[in-house]
Amino acid sequence: MKVKVLLFGPERDAVGASSVVVEVAHGASAADVLGALASQCPSIANAVRAARLAVNGEFAQRDRRVLENDECALIGLVSGG
Amino acid sequence: MNTVANDTPIITITLIDGPLGVSCAALPLLGDGACTVGAALKFEGIVRAQEGERVIAALNYEAYRPMADRLLEQLAREVCIKHGLVRVAVEHSVGRVAVGECSFRLTIDSAHRVEALLAMGEFIDRMKIDVPLWKRPVFHNDVDERASHER
Amino acid sequence: MNTVANDTPIITITLIDGPLGVSCAALPLLGDGACTVGAALKFEGIVRAQEGERVIAALNYEAYRPMADRLLEQLAREVCIKHGLVRVAVEHSVGRVAVGECSFRLTIDSAHRVEALLAMGEFIDRMKIDVPLWKRPVFHNDVDERASHER
Amino acid sequence: MKVKVLLFGPERDAVGASSVVVEVAHGASAADVLGALASQCPSIANAVRAARLAVNGEFAQRDRRVLENDECALIGLVSGG
């Protein structure tokens, strides 16, 4: 299945796009989505390893199952304030 | 106008487009609860002229909403309860904030100073780890960087 | 109007008769130094309705001057230097300050938040040990206690 | 010689006067002034033991010599802020 992952901040700059669509198996976990993202976008592979995935606006445990229409977002190092 | 009923903490989260002007979120408290406030603490984060080695013109803030709003609210509620605060008001900019302008304001009202100071440090530390907000420097004579990301 | 030249910290000490109104001592900085300020922190001490078990109407503040002024200045200078602050402004009331009114305001400007928060806690802790300022509760329907001490 | 000591806060309340004149020997130290004050005003003797003497607006070491016209002040527990 295809899952769209929103990008922000440095990761968006590095990829040059505000989202990326990754291909994962049905029943994939948050960790699978992050893995697919790192493979598909080598320029942010290191950042992805240190980042968290948000699913529908909440930080997801690594084993959380992701569905095709979930809103996924890569949350790397934040810098508010 | 904020009035305080019982011991319910007052929490307000405001994300504003552009620099924060004079605070509207953190007007003085009225009502019974106001008399329990002995410490009113306010932090303002101002955009500095220098980012690392380079002189900048502004910062461009970006938020992942509504997740950012919700996490700010949750964080405010947690420090309120942990430290027994009367009020926490959070204001944060989204978009361009020029050097010298305010991009973040945290207002804490509590009975005593100690818990207000502790809660303030804690809130900001945790915000900078958990809340999906980002800033990007804007240099003098930059073309607007934002456009290049909208492709 | 405060302008910043070089790295000299700006220190102002103001003792005011009665409650502190809107701050005049701590207007935003102008000039070169202003661009180095990333953190503007303000603490206000407000008179609470309760003093121990009893409900009070006001606090009456007394200062031993000019010793109090000089110690506040010295303390401000010490924390300025220790933490590399840009500005410290101290305002303190003398005389009667009613419940809900502000009797003490400390404004700190610095490059980053960490030193501002540290310096603020440190200044207040040390002020409450060393600076000759006293408060006396005024209860509702009290005759003015001050008169009884002027004999 | 006679030395006038200003009182503030709780000590002034306890004594009921804003200053007290104590009698000490010529060449007396700050500690001597505090001792004389404690003897002369038993209601604040405990507070005096925990207090500092200011001489001419500065905290004085215990062995600092006090002169007749110095402005002395008893600084007990302060309570600003």
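Observations
Which chain is which? They are A, B, C and D, in the order written, and residues in each are numbered from 1.
The rule is short, and it goes like this: a contact is a pair of C-beta atoms (placed from the backbone, for glycine too) under 8 Å apart; a residue touches a chain by one contact, two chains touch by 3 or more.
Fair warning: this is a prediction, and the values are worked out from it, not measured in the lab.
Centre to centre, using the average C-alpha position, chain A and chain B are separated by 26 Å. Separating the centre of chain A from that of chain C, both taken as means of CA atoms, is a distance of 49 Å. Separating the centre of chain B from that of chain C, both taken as means of CA atoms, is a distance of 24 Å. Residue positions of chain C touching 2 or more other chains, listed in rising order: 45, 113, 124. Across the assembly, chain A contributes 81 as residues in contact with two or more other chains. With chains as nodes and touching pairs as edges, the resulting graph is an open line. Under the touch rule stated earlier, the contacting chain pairs are A-B, B-C, C-D.
Every residue of chain C that touches chain D in the complex is listed here, in rising order: 45, 61-64, 66-68, 70, 92, 103-104, 124, 127-136, 149-151. Note for the complex: chain B touches chain C at residues 34-50, 99-100, 102, 111, 113-114, 116-117, 120-121, 124. Per the touch definition, chain D reaches chain C in the complex via residues 6, 8-10, 12-13, 16-18, 54, 57-59, 73, 75, 78-81.
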